[in-house]
Amino acid sequence: MSDAAFVQIRDLRRVFDVSKPWLERTLAREGHQLLKAVDGVTVSIRRGETFALVGESGSGKSTVARMVVGLLPPSAGEVVIDGVSMTAAKDAAARKKLRRRIQMIFQDPYASLDPRWRVGRIIAEPIRAFGLAKEQGVEARVGELLRLVGLDPADAAKFPHEFSGGQRQRIAIARALAAEADFIVCDEPTSALDVSVQAQILNLMKDLQERLGLTYLFISHNLAVVRHMAATIGVMYLGRVVEVAPARQLFSHPRHPYTRMLLDAVPDLAMSGRPRTPVQGEIPNPISPPSGCTFNPRCALANDRCRREVPPLKDGTACHAVHEGRADSQDMPEIAAG
Amino acid sequence: MLAFILRRLFQSALVLLCVGVIAFALFRLVGDPVNQIVSIDTPFEQRQQIRKDLGLDDPSIVQFGRYLVKAARFDFGISYQFRQPVSTLIGERMPATLELTFMAALLSLVVGIPMGVYTALRRGSFLSGVFMSVSLIGVSLPTFLIAILLRWIFSVHLGWLPSFGRGQVVNLGWWSTGLLTVSGIKALILPAITLGLFQMTLIMRLVRAEMLEVLRTDYIKFARARGLSDRAIHFGHALKNTLVPVITIAGLQLGSIIAFALITEYVFQWPGMGALFLGAVQNVDIPVMAAYLLLVSFIFVVVNLVVDILYAVVDPRLRANMQAA
Amino acid sequence: ATLRYANQGDLKSLDPYTLNETTTNAHLGNVYEGLTSRGKDLAIGPGLAERWETPEPTRWRFYLRKGVKFANGEDFTADDVLFSADRVRAAGSNFTTRVPKDAKFVKVDDYTVDVVLSSPNPILNYQWDTWYIMSKKWAEANNAVAPTPASATSPSYASLNANGTGPFRIESHQPGVKTVFKPNPNWRGPTEHNLTEVIFTPINSDATRVAALLSGEVDIIEPVPIQDIQRINSANNVQVLTGPELRTIFLGFDQTRDELLESSVKGKNPFKDAKVREAFYKAIDVEAIKSRVMRGLSTPSALMIAPELFALSKDFTRPKADPEGAKKLLAEAGYPNGFEVGMDCPTDRYVNDGPICQAAVGMLARIGVKVNLNAQPKAQYFAKILKPNGYKTSFYLLGWTPGTLDSHNVLYDIMGCRDDANVARGETNLGGYCNKKLDALTDQILVETDTAKRNQLIKQAFQIGFDDYSYIPLHQQALAWGVAKNVKLVQRADNQVLLYWIKKD
Amino acid sequence: MADIMTTPPAPEPAAAKPSPPGRYARFRDSDLLASFLSSKLTMVSAFISVAMILGALLATWIAPTNPFDPASVDLMNSLYPPRWVEGGDTRFLLGTDNQGRDLWSAILYGMRVSLIIGIVGVIIAATLGIGLGLLAGYLGGRVDALIMRVADIQLTFPAILIALVIDGVVRSVFQGLGREQTAFSVLVISIGLSFWVQYARTIRGSTMVEKNKDYVHAARLMGVPAWLIMIRHVLPNVIGPVLVILTINLALAIITEATLSFLGVGLPPTQPSLGTLIRIGNDFLFSGEWWIVAFPGLTLAIFVLAVNLLGDWLRDALNPKLR
Amino acid sequence: MTEPVLSVRDLCVEFVTRRGVLRALDRVSFDIGKGEVLGVVGESGAGKSVTGSAVIGLIEPPGRIASGEVLLKGERIDNLSPERLRHIRGKRIGMVFQDPLTSLNPLYRVGEQLVQTIRTHLPLNAAQARERAIELLAEVGIPAPERRIDGYPHEFSGGMRQRVVLALALCAEPELVIADEPTTALDVSVQAQIITLLKRICRERGTAVMLITHDMGVIAETADRVAVMYAGRVAEIGPVRDVVSRPFHPYAAGLMGSIPTLETASERLVQIPGSMPRLNAIPVGCAFNPRCPHTYARCVVERPELLGRGERASGSHDGAGAGHAVACHLYDEPGVDAEALVQRDKVAAAATGSAA
């Protein structure tokens, strides 16, 4: 495993035009309404590592994921994977080759498999699409993959609806592996599953990572799951990454007030009785986000500067208060100890 | 709201323009209209003269422009059959058709909606079964068969209702109405039933399906869980939500009511636009055909606009959308 | 009493010169009058002209009735006759042939008019009962001096209003919907009807029309579909009046083109061969058509004119249907396996026209001829086959009533050669049958005044057509009017429903 | 690690089967069949539909005579009442019409004509509608707007109007051609043209849902071109409701054909469809020859009813929410 | 012990389908006391929602209560006429559903829905009802309730809508509130707020709460006692602290172990192989037996009863009391230290993981 960044996301931006139709806009004398779903995200992921993005609904996690895999063109910024730019025009040929190596596992196991296709054909689709095996060999390869994710090769002849959610997610993983991907973007792969099944999938993913040296971009809104999976964690809020830190550090020394709030909101299953501050407010409307630091309306430490200036991501945190030293670096001893 | 209406109007104008093109193309497609107009033994010079009078010498685009300008002023030319301005003919016939379609639509709504609601609420009851069977038969019997049957029974055999025509009409300005006389109303019954039956069954089935759908929604479940009375749930919460999609479909159906009015008018010799159109088709009276098409789409467009506005009145979500905050 | 009357056809225009069509003419006959009129037996009698004489073969003198008023109160005078004579021959009129082009009308005094001809014409006034006289003043006042052509691009006053001398006037007219007649207050009398109002409704659909009669919503319908006659007669308050009609229904062939428009035979025209025509003739079983299609209500005919209109018609008998013989004839003509040909047929013009054609198709199929039937509404039918469109037909069914009620009309219009474009001869001879000998006889017939002699000439002419198998006459159809029992009327063989003779209890 | 990799599949019933079920077996076990077998009415209507369709398709062999062949029709046989009625003839089960055609044969042949027109028309409509719906739904944007506006205009004109107009135009453009040549294409085209919108709207709607589903995204990630995704992935998943529309439209198309024939714009009396037969028979309703209108009318009504019942059942059976 | 607000006894609910009768609830018993929050957890399809619906009498055909009793303050309510039941719903039992987006009728103003519900249950006139509605909105933490009361649901955010739903459920001060996954559709931060709100209101009013969720964290935060359901049966019921930290039932133990938490540091999660059986294929005996590491002969034939730890010997069936009860044969088997076995199991599974 090299230390060099395998995936580099540089100042990635994505703007959605959510304006009303032209006529209404003109009559109401309003301009275009733009929704900055992703607003300058810079992240780098090392080979073989799991990088997690967490954040509340609407913070732009999925949008980042879709831009990284190429399902959505970025408005600005660049994604470089293994030295090949996914966005620049010049790398078109190289990018085509690279495509195969980036696959995705989706949130809803019920929607991510074509219900009309047999499992065997689903898993074989990337093999055929990328010409990874001779036609005779496809079936054997599919069987192999099914075994790899803990299913029976005979399952290849069944249809997705004959499987439970967890099993379907295994099939989706097998499909990603069928493309011989080494970078897998997982967009909330377990949030639709029951906890007991979630454990199966998370364990499987970790095992596969160890065996095949996979790199994951892991997206979740569940901090506990993220803590379990990721080496490095990025916290997103309204399209921006507000804090990036190695997992341990993030949980033991959360710095950004939003990170702290998130941590406080996680139910305390162990009933350790750690001190928590109640959560304030709700996530604002992303179409008209607050000026300055978008978190300022919910932040106890906010001052005028926070309301004016967008804090840059410095030392892994994008917070004026932290940069200015106003935030007491509140440790979380219990977690750190664990 | 204004923007919304403007947009709809714009789209409507577009639709009408397209129909105008079609109508105009009809003129061109059938070749030389003079052939349609003149009768036996018309010398060549006379034909040329007519051609000139009609402006058929000009380039197509000029003719089209002229056609549109005239059409916008409700001048659709002269009927080949009747040698009267098409607008006059249609003007005379329109009240009959509108009264008929209105009554049919009214009938289909007034009867169809309650029946739909009933069958949705009392699924499996005997009466629901009866309604459903009737509705299936209603959509399976062609309108003309129904018309023949009804007339056979009610006017020929029983002699209760007139078998054709509009009965006594009263003129209110240019509008002639049959709704003010007993014979007029009697004459309206059979055609209105014929025309309304199909729509009624359609509406009934639609309402039933929508209602069942709505009854399965969470907010109905939640309303039940709050202990609201069945009446409040069914007729307050469910019905209103059911009507939203029903309005749209009912609006769309108006197009087919007008189309089917044609058959009804034909069978019952109802002096409306449909019968006029049918005669026009048989006699290749293109100006009447074209004008009828334009008019039908105009009515359709207007109804759709009304439906959309109604839609907004019922559904606050759309209202918000339209208000362009 | 109010009379409600329904007809299949409509009153297409109120201008009496726009359209020469039976139903329209009949309707306008209630409102307008000609110089002559026809009685209950169709005999020519005085109309607006009390009497007439022919002082010399090329001069006719008409003595006009005095004290006649138009519906609007104006007096009727010779000026109106002169005006009408010009108007009826003007461009746009559909009745130009009613009055010879070169006839000069001379006003002798207010109530006498002379007509000066360039050549003698014994049947000059035979069709004048439907040449309706219009008011000069009224026309001039309403800018309706010119006749309204069928092709009018703007409505004319005369086509929407009527002002005649007849027993009725038109109260309101809504084309295709309703026309209301009221007695003309200025009618000179005597009055034979007892009507105060007549509501006429065109009802296109046969079933609707019958239903309307049965349910008592109308008092008279015309025509009654023949299959419904029995049903109507079995009802207790209505009945069907039937009678022979003067119209002859016949089949015609295209005999001019070198190749038929719609046929499998290429390079030649099988109908130019009399054998083929004879084969067709013999293939058709008119008796079967009479008994099955017409339910007995037709008179099979060997002639192209109704027996009532030609005294010697008994001398002709129709050869019996003989499919075997027909087949042989076809083989002799070089078509042992038959051939294919298109046939044009109206579906709403004559009694059971569609089914007759269909029956003919079946009969011809038996001798190996495959007929592609193009059955169509009359509007399209006529638009296709008539002169303006270039007689585009190979084989067709048509009906004809001589407007003059005289054989000459048939021999001239239907059987005359079409070869001289400048002469109106053969205008309705759609197939272009031509035999110069027949034409010569026809010309003699026109000027022959001795009835017996004339009849012999006519017979000779018809014999030529008969021998040539020029046409296949089928039958005279029957009139069938549905009438409420409380209505008394006169059924004339020309199928005109005339209100003047109607009495309703 | 091995213990994890060998996690057994869930003990689900499907997993218990030794070998994957074949197509037939799946059908046998499916809900569709079960719900079919549980509804007597549906079974009866399916039987009737199939019997009638077979009867129509095999008309050439079943029918005692060929009513479309004028040579085989004898005018002298006209107007026989049905066999069991007094005056009936043993040769003519349901009697004869005014031309002497055996009504039973005429109904079989007429049914075939009606069916073929209905089926071909509906196939045209479905193909057009599915294609346009897929394009509109998948591509969205301007393509979508354009197609949907065209659909709006189309909706202004119900089938009858379209057929009448096309008929009028065809008749004046091809004056020489008889009804026989043009009627079929006029009917089929009008039905095709006027019914496509429903398919397009349905397909578009579900395509828009489907194209945002993750399995489509997954296919895109594999570089599968858009048209292939549309055909291979989206189409099979959106085609379900079309089946229901197809059945109901078939019923509607047959009614439309009959109506047009009744109005005289449909098929000519020499090649009568059910509608034409009814129109002919309508003229004999008063005169006592009721069978000419009654049997074709009944046939039409029963067939349409049966197809509608099937469509109804299919709609319910395919609706996951009702299960 | 005072009379429980809600007492469910051997409740069985069945769904009659074409493929036979499916038993969605199989002899479910539990009590909820005044002011108590009973958490009901379990995997998807375990029967949690059906339990809630059965209590409030909203099981619709083809479902039916096959046997058992539901007692509200000692009064049987499962066999009431629909009309009588209606008067209990909303008035004495309030209910909150999972999805706040779809729980409110989009065509009516929030205020209209509140007023209607209030007036259905309380003898107030329109103005009074409106006043009360505003109070309620204020109580559930909606800012500027006088203004917001005239808003339509779509004008509210998800969290706000769930507050409105809560207000609707609380309209008539019910004795029992059934909350079916009230926070699943919400973000963690909002979830925390809603739970706090729910807890506060119930504490203040002394309302009993049945909190259905599959999120153990929520239960741990909120509930006093918890019932773990599996395949339509209660596998274990007891005080939340005990069940979370020392689960008795092998399933509960596995479940607890499979939840990743901020605190557990282990690399691997405990995993229960397989998945819950479908209703038409529930194994004979203990429903958990195919997945249980300790299955033995008895589990495959005999269904274990839900018995309190102390009641085992006596064999009494009253296992739904306030104590900690479990439905597992291991605890009946003489000479087996079931508790130790299950606990060791949990540790062992995690250990294998980290070793790999």
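Letters are used for the chains, namely A, B, C, D and E, taken in the order the chains are written, and counting of residues starts over at 1 for each.
Methods note: a contact is a pair of C-beta atoms (placed from the backbone, for glycine too) under 8 Å apart; a residue touches a chain by one contact, two chains touch by 3 or more.
Quick caveat: nothing in here was measured; it's all calculated off a predicted structure.
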item: Path length in steps (a step moves to a chain that is touched) from subunit C to subunit E; value: 2
item: Which of C-D and B-C has more C-beta pairs touching across its chains; value: B-C
item: Farthest chain relative to subunit E (centres taken as mean CA coordinates); value: C
item: Approximate Å spacing (C-alpha centroids) for the pair subunit D, subunit E; value: 50
item: Subunit B and subunit D: spacing of chain centres that average the CA atoms, whole Å; value: 25
item: Subunit A and subunit E: spacing of chain centres that average the CA atoms, whole Å; value: 32
item: Between subunit A and subunit C, centroid-to-centroid distance (C-alpha), Å; value: 90
item: Subunit B: positions in contact with at least two other chains; value: 36, 148, 152, 156, 266, 282, 284
item: Sites on subunit E at which at least two other chains make contact; value: 271, 273, 275, 356
item: Residues within subunit C bordering two or more other chains; value: 207, 211, 214, 377, 380, 383, 389
item: Complex contacts: residues of subunit E adjacent to subunit B; value: 56, 58, 86-91, 94-95, 97, 99, 102-109, 116-117, 120-121, 152, 154-155, 165, 168-169, 171
item: Complex contacts: residues of subunit B adjacent to subunit D; value: 11, 14-15, 18-19, 26, 29-31, 36, 136-137, 139-145, 148, 152, 156, 213, 216, 252, 255-256, 259-260, 262-263, 266, 277-278, 280-282, 284, 286, 289, 293, 296-297, 300-301
item: Touch list for subunit D against partner subunit E, complex; value: 1, 3-4, 7-13, 31, 34-35, 38
item: Subunit E residues touching subunit A - in the complex, by the definition given at the top; value: 43-44, 157, 159-160, 187-193, 195-196, 214-218, 220-221, 241, 244-245, 254-255, 257-265, 267-273, 275-276, 353, 356
item: Residues on subunit A engaged by subunit E in the complex (per definition of touch); value: 56-57, 164-167, 194-200, 202-203, 206-207, 221-225, 227-228, 251, 261-272, 278-279, 282-283, 334-335, 338
